[in-house]
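Each of the next two complexes has subunit A plus one more chain, namely subunit B in the first and subunit C in the second.
Then we have the complex of A and B:
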């Protein structure tokens, strides 16, 4: 197990390093005009521009810049933000936004996990009856309709019918985050319900369930002890990843409701040529993705003792 | 006893015609697919609605009182509710909403179809190579991990800044980053089937690789490919609307769902018809594709055939 973890960690480090390098190079492909604000572009002479670029080390040969970047990253020095919040260390810029995204995302995750799994169980119990069809219609609607449209519908319903504030405000974070959280849960409830239902129905059709029925076990015991426990194993795998993704925030939801979270930070940073922020964010995103998958595998192994990761061929 | 049996059972005389009849089956793959598909009434109805919608979008543009290319901004006419002159009302600049909505619907369908087909061709080709050619496995897996681990929004932002924003650029960019899921699905299936006995036999007999891929393996892929194709249409429309809403997608003068909703974002709380018309039409398109795709992929799976 330990050997396996170390091996996997090493592979992940390589992937993160490659991702960071590619993002670094991609950012250097942008025209340097983006380095300046529009005002500066108009006023500064070409000499002044070159001077500023040189001072920022952007005119050095690419290899040199890359080496400097590696050096700093290994020392965990992510530099300072340039345009998002001038001169503030990147870690602080991200940290401020991080809390907001994490709060919204965690609430949304907990709600959608509970509601989604319960909805899936209700659907399974009423298979091919009206409640099941209602649930299926909901999952189809959410999966098929663009989230921009469903967010708009939730927004109109929430603010017109329920009278909730339509935009997030930091002065009034409680009530004003209800609509954004509702939007965030919309899609994940559907996917949890879909998968819970599917795995449970699969499990119900297996022979050992039939045997348990014939033995005279009550269907409640069968559901709780066998079906749900086994159906939950594949679901567990995705929980850490979705938890970690809440940190990165939802780009569309946060932009749509003006939530000052992590989501829109990346695009803002790219369009403003804030290279340090972009690089740090992409390292964070890549690491979150990799750690999420890894934790998912570990959790699955803990829930289901039959699964072993280190074995040959893998479990999937 | 013996006598009774003789009465009950008689030997049948050999008839060449009857022997032929049992040995013959008129099974045809695509006919079966079609028959299975027609059994799903809801999907058939949805498919008809979809085609009607596409045809109507052309008629709608023709019968509308305003032409998209000659729309005028007139603030005196802003926010007219739907009426006899402006069937879907007017937007914040006083432009006719009817022709904008139908034009946007056409743009969305066109983009989604182009991207879906492009993704499919690229995804299946790369997926087959990835699964079949062992030497490429390592390389393509690494490539997949790397592309997949960089947020797509970085690519899209960079492309919109460096190359520009247009229908063509958008569709190429979405194909370039959209083939991954398809390729992965195809690769996993190819891995499953590549070393089955009949493929080993084919290879021993000297069948060229492309022929093994096309004749022996591809039929197993059809249902999953169709499913992904159908699902990629709603998700392309969703991605387009998200990107355009963020200002990273289509240009501001190409009407699409994202652009319409972006313009309407500040107004549709007071003028709900600005949201309802595009939302209803686009939802109908995406839900249709979702259902038809699912039904068709069930029908295409040879295991569901009788």
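Then we have the complex of A and C:
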């Protein structure tokens, strides 16, 4: 296990370095006009533009810029934001948003997991009956309807009928989080229900279940001890990553409800040519992805001891 | 000194304000808002907390409340005293003296006193702006152009190391730059040349103050990264909350110098996705005003029983004058000159046929379908920028010189189909002789995927073809992916662009100077019209005549009326020759509890979002009330 962890860690570092380098180079390949706002493009003289680019170090040779970037990253110096919050250290910009996305995302994930899995179980227990059809209809509806439409429906219901705040407010974070969290759970509930049902139905059709039934094992025991436990193994793999991804926030929901979280940060930073923020977020997201997969593997192994990560031919 | 004149203006303004307040009692609600809840869309979030370091409206709309400059602008756009109680020039704008009021305080974000505001704060600030290493070339253009030695100081600091530039005190700066403070409450600027409009620059961010005490407290290298808790404030509000992407709260400064000013206890600025969300929040009682999307506006306007139908009110025009700017040196996609277009646009009759032949009402209705002619624009300069001493508004004088008829309430004032047909016939004859083929292809670019832009362009295409005939011109709607500048303007692919200009300072030069021939500072000539690359001698002679007229007006520094009149001559000449074609103003609709006619309303500077002396009502204003406000305002 230790050997496996060290190997995965080394691979992860290389992967993150490659991702960071690619993002760095892609940002530098953009025309420098993106450095300026349309207003600045209009009113600054070419000399003034050059001076600003020089001051930002963007006219230095690419190799020199890249080495400087590596050096700073190794020292965990991610620089300052240029546009999102001008002059403020990137870590502080991200830190301010991190907690909000994490809080909303984790609440949404816990709700989704509980409701989604329970819904999946109910559908399985009532396969081809009305409750199963209702669950399937919900899943199809959520996946077929564009998110903004379903968000709007939740918004109208929440604000007009229940009287909840229509957007997130720092003065009233509890009640104003309800509608965004509800929207965040919509698709996740459908997803967990869909996969729980699918894996459980698969298990129910397997021979060992039929044998258990013939041997007289009760349906309840079969469902709890065998079907659910085995069906849950593939789902477990994705839970750590899902938790970690809550940090990155939801672009659509956070933008729609003015949640000051991480969701819109990357796209905002790219459109505003805030290179330090883009690079830092890329490193964070790449790391989260890698850690998420690794933890998923470990969790899967813990749930199902038959799975070995480091054995011969067993590594993923 | 012209201080007497300024003092008289101040007294007159005060008297008018008192009169307005008294007269406005008929329609004002007795109960006003104590706290204002307003909004910005997410693409206009505050990015920079240091007012000297930013030129962006989304920053300055907030920061003009936290830092106060020398002068303010009133609801009519006139300069009034700010921290400077008196100001003037005795030598035609070469030297400007500002007398500062005593007792103005710097405070921290919680309103605790930090120090006195003195003339030294403006010296500290200008040194900061012009120090290349401290401020990164932001806000340098106007001081460089206007203040003696400012550009030299910038170049001097540019060659220093960061450490050397950070360590500079003001000794070298005061040796090199034309600014001085004979005492703590007198500030003198020395201009490069006569600048009779220099006082209007005092409302721009580049001439705002910064306290040396603040720099010393946080350290030079930390100034730009200081958060709201570390800033020093001298404006009507302090910034007590800033949650990026969600909320900003401005709280009344308890030590603000103007104790008579009407301020809100708090101004809460919320970030919303778009105007549709703004309407939802307004409807939920969480905003005190909202802009309206076209769909929402139509929904409310068309339903007389709608709860907001009688509360629809028209906004005041934004400060941008939109023009159709021809490209006089157009290229084709393959990089070769588009001779057909270039010959056509060089022909004055061709340009005039467009000038007179477009009935822009459907195009204007895209912005304001209820009163499209309120968006009509017949001048190059923005309406309301300046007034003659007899009160005549500058663009009204231009219209007079152009001989524009009064509006008939249905068609644009310059629309003249008969004259357009006459010009078209002449143009076709002259251009055919030059080998130009018809219909002339006109390439108009819009951003790809923007339905609103496409709808407007389609309307414009119809206007062109109906007004001028498809045998004469064809308007092609082309698209660019993300950057108009890089994809269209730089390779010179457009036949024209429609662009709006808002003034940087209060002089016509700031508008007309963008179109002159052979001058590097003429932004539109250098970047959009490419007139300097044109070869047609008649066209160039027309442009040279215009440039000479502008420069003649620039030279008049001791008589503002004469100066403005000379500019009006140049502008009328520009429009008579259809060198550029005025298109529109932005006049939209809203629901509001704020009387916009009491807000600062300058066509230049940064103060239009200063939340000071605003009349408000806890109940939304009605259409009828706003009509009364407008009538009173326009008297």
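The rule is short, and it goes like this: the second predicted complex is superposed on the first by the 301 of 316 C-alpha atoms of A that agree within 3 Å, B and C clash if a C-alpha of one lies under 4 Å from a C-alpha of the other, contacts with A are read in each partner's own complex, and residues count from 1 in each chain.
As a working rule, a contact is a pair of C-beta atoms (placed from the backbone, for glycine too) under 8 Å apart; a residue touches a chain by one contact, two chains touch by 3 or more.
All of these numbers come straight from a predicted model, not from anything done at the bench.
**Q** Based on the shared subunit A superposition, would you classify subunit B and subunit C as clashing or fitting together?
**A** Overlaying the two structures gives a clash between subunit B and subunit C.
**Q** Classify the contacts of A:5 with the two partner chains as first (subunit B alone), second (subunit C alone), both, or neither.
**A** It touches nothing on subunit B or subunit C.
**Q** Tell me which partner A:159 touches in the superposition: subunit B (first), subunit C (second), both or neither.
**A** It touches subunit B and subunit C both.
**Q** Now for A:221: first (subunit B), second (subunit C), both, or neither, which partner does it touch?
**A** neither
**Q** Of the two partner chains, subunit B (first) and subunit C (second), which one does A:251 touch, if any: first, second, both, or neither?
**A** Touch partner of A:251: subunit B, not subunit C.
**Q** After the superposition on A, what does A:23 contact: first (subunit B), second (subunit C), both or neither?
**A** A:23 sits against subunit B, while subunit C stays out of touch.
**Q** May I ask you to decide whether A:172 touches subunit B, subunit C, both, or neither, giving the answer as first, second, both or neither?
**A** neither
**Q** Have a look at where A:83 lands relative to subunit B and subunit C in the superposition and call it first, second, both or neither.
**A** Second partner only.
**Q** Return first, second, both or neither, reflecting whether A:31 touches subunit B, subunit C, both chains, or no partner chain.
**A** both
**Q** Of the two partner chains, subunit B (first) and subunit C (second), which one does A:289 touch, if any: first, second, both, or neither?
**A** Only subunit B; A:289 stays clear of subunit C.
**Q** Across the two complexes, find the residues of subunit A that touch subunit B and also touch subunit C.
**A** After superposing on chain A, subunit A residues 31, 34, 155, 159, 166, 255-256 contact both subunit B and subunit C.
**Q** For the complex, which residues does subunit B have touching subunit A?
**A** Counting only subunit B, the residues touching subunit A are 145-146, 148-151, 153-154, 157-158, 161-162, 234, 237-238, 241-242, 245-246, 248, 257-258, 261, 265, 268-269, 272, 275, 278-279, 282-283, 286-287, 289-291.
**Q** Spell out the part of subunit A that touches subunit C in their complex, as residue ranges.
**A** That would be residues 31, 33-34, 37-45, 48, 51-52, 55-56, 80, 83-89, 93, 96-97, 155, 159, 165-171, 254-256, 258-261, 264, 272 of subunit A.
**Q** Which stretch or stretches of subunit C touch subunit A in the complex?
**A** Listed in rising order, the residues of subunit C that touch subunit A are 42, 47-50, 53-57, 132-133, 136-138, 140-141, 158, 223-227, 241, 243-247, 270-273, 277, 280-281, 284, 286, 483-486, 504, 520, 523, 527.
**Q** Help me check something: in the complex, which residues belonging to subunit A touch subunit B?
**A** 15-16, 18-19, 22-23, 26-27, 29-31, 34, 140-141, 143-149, 152-153, 155-156, 159-160, 166, 251-252, 255-256, 266-267, 270-271, 278, 282, 285-286, 289-290
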